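Two complexes come next, and they have one chain in common, chain A, joined by chain B in the first and chain C in the second.
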Partner chain A sequence: MALHPINHVWEQGRAYALLGPSGCGKTTLLNIISGLIFPSQGRVLFDGKDVTQLPTEQRNIAQVFQFPVIYDTMTVGENLAFPLKNRRMERAAIKARVAEIADLLDLTNDLSRRARALTVEAKQKVSLGRGLVRADVAAMLFDEPLTVIDPALKWHLRSKLKAVHRALDLLMIYVTHDQVEALTFADEVVVMKDGRVLQVASPAQLFERPEHTFVGYFIGSPGMNLIAAKVSDHVAHVSGHDIELGARYPKIKNGDAVIGFRPDFASLAPEGGIPVQVRRIEDLGRRRLARVALGPHEIFANVPEGVSIGGGTAGLSIQQDRLFVYVDDELVLGDRR
Partner chain B sequence: MEKPLNNRAWLMVAPVLVLVLFSALLPMMTVVNYSVQDSLGQNQFFWNGDAWFRDLLNPSTEIGARFSDALLRNLSFSLVTLALEVPLGIAIALCLPRGGWAVGPLLVIIALPMLIPWNVIGTMWQIFSRADIGLFGAALTGLGLHYNVTQNAISAWCTIVVIDVWHWTPLIILLTYAGLRAIPDAYYQAARIDAASRWATFINIELPKLQKVLVIAILLRFMQTFMIYTEPFVVTGGGPGSATTFLSIDLVKIALGQVDLGPAAAMSLVYNLITLTICWIFFTIMTQLDRRRYA
Partner chain C sequence: MSISLENVTVVTMGESIVTDVSLTVERGSINVLLGPTLAGKTTLMRLMAGLDRPTGGRILVDGKDATGVPVRERSVAMVYQQFMNYPSLTVYENIASPLRVARLKGDEIDRRVRRAAGVLGLEPLLGRLPHQLSGGQQQRTAIARAIVKNADLVLFDEPLANLDYKLREELREELPSILREAGSILVYATTEPLEALLLGGLTATLSQGRLVQFGPTPRVYHAPSSIDSARVFSDPPLNEITVIKQDGSLRLGQDLVVPAVGVTAAISDGVYRVGFRGDLARIGMAWPASISLSGRVALAEISGSETFVHVETGLGTFVCVERGVSMRQPGQPVVLHVDADRAFVFDDTGSPVVIAPSA
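Let's look at the complex of A and B:
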């Protein structure tokens, strides 16, 4: 797996999510941080100390894997005590710490049970607990930890994770390909694709101002509308129509660009705005979503409450401050007038 | 769901039943037949009831003493070889590389002894262990050890054990190696993150995960060692004295050497029953392990 250069500071006490499709390098990045694999180039610093060549054992990292890893022969309590025992902590201190973490994870009643006999969800909690018992961990890493958990219980375990994060002031990095998981868990989301970090931002920023067309497309359901256009100064030409951009883009070569806007920031009216063909209107309960055509391009747009669209032609209007221009998939900033 | 009942299905299994009848049941029944009769030759038999069995299981009779001695030899041979092969096999499997180009050639080289026929193994070792011209025998004698397979009981025993360890440890290695490969990487990664020592990783991750494959390996090795015949037959001929006369060797002596068909038949049945009982115990352990795992 190849990763492109990444320069990022992970701050103590924050929750990060690494989000991206399968095979984008999320797990590779995580394993480089934890020292399970070594990078051929680059450095990993913990508090300014270079740990790039240090083995996992010496890095103070805790990691939870996709599938629960428990020690079959041990009880839940012994499982939780194992990392501390290996680090030669005092018996009494281990006992106190294990009790504290078991309490936090609702495992107190299971402490003397054989870990093998637990449900998958409880096993994953034990794996999580083995990371949390170490009070001094520099970071807590999660590699798609909820994959094998029953959907009904996912929510429970995820809120447990958030509670743990609030209680313990830990740096957490959470790998997932599920945008809902990433957006609900993290303070900051790192969107990755093909070994490259595309954007690091809060969930709200990712939604409101995607810096890469992939971010726009991957986050949100449906994703951002992305339309190839010829941009000349402040106007984009899309199949014979002019769309006002609200900013000047004088430097785009040949004017080849893609304009993007989220369905949430585009609304449909019976007339006015850009004339589009209405294909279909879906009632999603909380909102109505229209699928319309502008020439060969398909666009999703909101249908505001109280507006009724008959079919045939309608008018599309786009919020100009939420309309972005991308060249080679990257966001280009215009001069706002 | 209710399963449909169709007695015509028996027709489908009939060929197998006929095959088993001829391959196992009929020969077995001839043995049962011999075991309850006595013969004075000329193919004349008369009923002898359970007398052969009573003699066999009574150590104060001549045949009973031979049987119990040979049984004891068999059991100790199985125990000694298992005690050597299992730890050795696990140790070697742990040392093998987890991947890379070397794995294939290494496994083939390790498996080589298993591919050699028993008779050849016996002949090889018979020459190999000779004190005058055999490399192994001559080397030990040169070191000043009193080593002589044909005269010294300890030499003979050790040689048979060494042959079996050399011949069959590869089986344990291969099974263990396969078992080790089946452990997901995440377990090793978690062990590293938990700062587990190599020994702790072995005891808490590898050994529990190998449990099932080891039970199978031990069962196979037990059955094979308990039925040992060719190696002592070729290398020591059961001697010196009767030091390496195992059950199968004694059985052949009684049945083909002395043509005592009745006692030999009784002995083979009891021998068979012992093997079956021990296999049943292993099988029970295995299924119990399964049930515990998926409980």
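Let's look at the complex of A and C:
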């Protein structure tokens, strides 16, 4: 099964991202919304109207793909005007709308240039503009639109997308495997794996309180540290060490659980805390990251500014309010009294 | 063994692709070519491999002129952005293929294939065909094939670019130790600053076909030799302000004058470009020596471990990197403090202004 049953309401004016690894079903879901694929079961409703069997062209959807889809031999202006000419809109109205969209995307100075001569980034903006130019667009769908764009230009295009979103009050849905793109783009992120939705939440919630171990692992660079542990009440036992959980978990069967904490909320000091073996310390430019071992478990932790760590043993401290317990991959809430 | 490019220039159809590049890469070293698309990374690698001839300059192998010596007479392996494996061969045979071409004995082939597969975590997959593998596994196979024959030169042309974000992250973590084992001259092209930092070794920053800086990776990052090098090695992009130093003050833009503190205290009067990465700008709390700008939040992008806050000021929009999740609302008025002790100062030619170390 490519996609398990999903119920979700996509609201006007919000930006969503579908995030997950290859084969998780995110593109299938996008194609169901756009009408490229018909679902085996269930319905797709736009403003309450059943569009499940309608083809893409009758759904008023605009799409931007991984590679720019434009007419190379036309100018930028002609490209933007094309969808409107097809709909037999009046010349003056076309001109006004094209000018408006070009202004929004910083393409005004390029309007008379041939599309062929543009950079990939500018071409991708033209693709976006062709989608936006129609006034009746119900939703704008993006399928990995920044894949072929250089890192420095991604910054520019990302802010442009946000500006467009604010200016036009559109529903936008963005498919990607790239957590940075998903989190920076969306108000709400749908994390998917193996055709299932694991969590739908704001970027902040996904980072701060992942409800599933996969979400913890997939979001964040590196992802959450996930360690098998025996939990008895308020303590987790890991390789002969006791880790205070800051909450009570009396009902876990046999105490079999996984504890999870982000590298960002664990820090390393020369001593104190849980004794760990230092494997490697990486200078990532604006932060230092340590890879340490606790028994057979590998853990990533922050090295705070000004702290110097030699080899050998060091002390790991974990922020208690950022330490979570999972059973069968699902978050279990403790009693914090 | 070493390969040197000596004043190498490549002109194609009247256009300069590479201009006057001199660079020496040595056995046992990881050399990162860092730069945006069209910076000349692939062209330089093709020259080193002997696939192309330079328009001008020489290529020396161990000091001997090897300009124009074709690739099959050199010992070279390459990994590309696209996953390239023989579709009808198993993972085992894919990795073994260069050894079979070299007519090694069966047991020696087996020993080497298993070792390379072990390093790359491919042992359970040796019997599979490429189409039965994930993208990450296919690229691991290609990397294993490249390192198995102990070639003198192994070239990686953005090998992780087509992988999922998470797979890229995992392979990035493992690559440095895998590559250190190889003992070849390793040259690795990437557009991503973080990848260069993780690989370590040496980094060459490239911009528009020119070599800007070459040296140990952390040094190139922390002490750029020019504004171009700092630009290439910054993500988010380098923030820049033009300042005029006069009588102990800095004039910023039309009407803002602030005290010249930190590194700007010691520079002589004149026009400079101050460059600062996103982590040297913070909102709210001043640094021991700050250049402070008032502005408004234009956009706050939460990426997980960090939040990128775009702050609009009278001097332009700057990106500030805050740790963790930071809830900043667009339109919110803020004061942005730039760390004046650690900012880079460049003169009008883009060279860094050297500050005498305080004894």
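General observations
Here is the rule we go by: the second predicted complex is superposed on the first by the 305 of 337 C-alpha atoms of A that agree within 3 Å, B and C clash if a C-alpha of one lies under 4 Å from a C-alpha of the other, contacts with A are read in each partner's own complex, and residues count from 1 in each chain.
By our rule, a contact is a pair of C-beta atoms (placed from the backbone, for glycine too) under 8 Å apart; a residue touches a chain by one contact, two chains touch by 3 or more.
On a predicted model such as this, the values are computed, not experimentally measured, just so you know.
Once chain A of one complex is fitted onto chain A of the other, the partner contacts of A:Pro5 are absent, as it touches neither chain B nor chain C.
Using the contact criterion defined above for the overlaid structures, shared-chain residue A:Gly306 touches neither chain B nor chain C, since it reaches no partner. After overlaying the two complexes on the shared chain, residue contacts for A:Gly48 are found with neither chain B nor chain C. Shared-chain residue A:Ser127: touches chain B; no touch with chain C. Counting residues of chain A touched by each partner, chain B versus chain C, the larger count belongs to C. In the superposition on chain A, no contact is made by A:Pro296 with either chain B or chain C.
In the superposed model, A:Gly240 makes contact with neither chain B nor chain C. Contact residues of chain A toward chain B in the complex are 34, 36, 55-57, 61-63, 65-67, 69, 71-74, 82-83, 86-87, 116-117, 127, 130-131. For chain A in complex with chain C, the touching residues are 21-22, 120, 150-152, 155, 158-159, 162, 166, 177-180, 183-184, 203-204, 206-208, 217-223, 262-264, 282-287.
Taken together, the chain C residues at the contact with chain A in this complex read 36-37, 134-135, 164-167, 169, 173, 191-194, 197-198, 218, 221, 235-237, 277-279, 298-299, 301-305, 308, 310, 319, 321, 323-325, 327, 330. Put simply, chain B touches chain A in their complex at residues 184, 186-187, 189-190, 192-197, 200, 203-205, 208-209, 292-293, 295.
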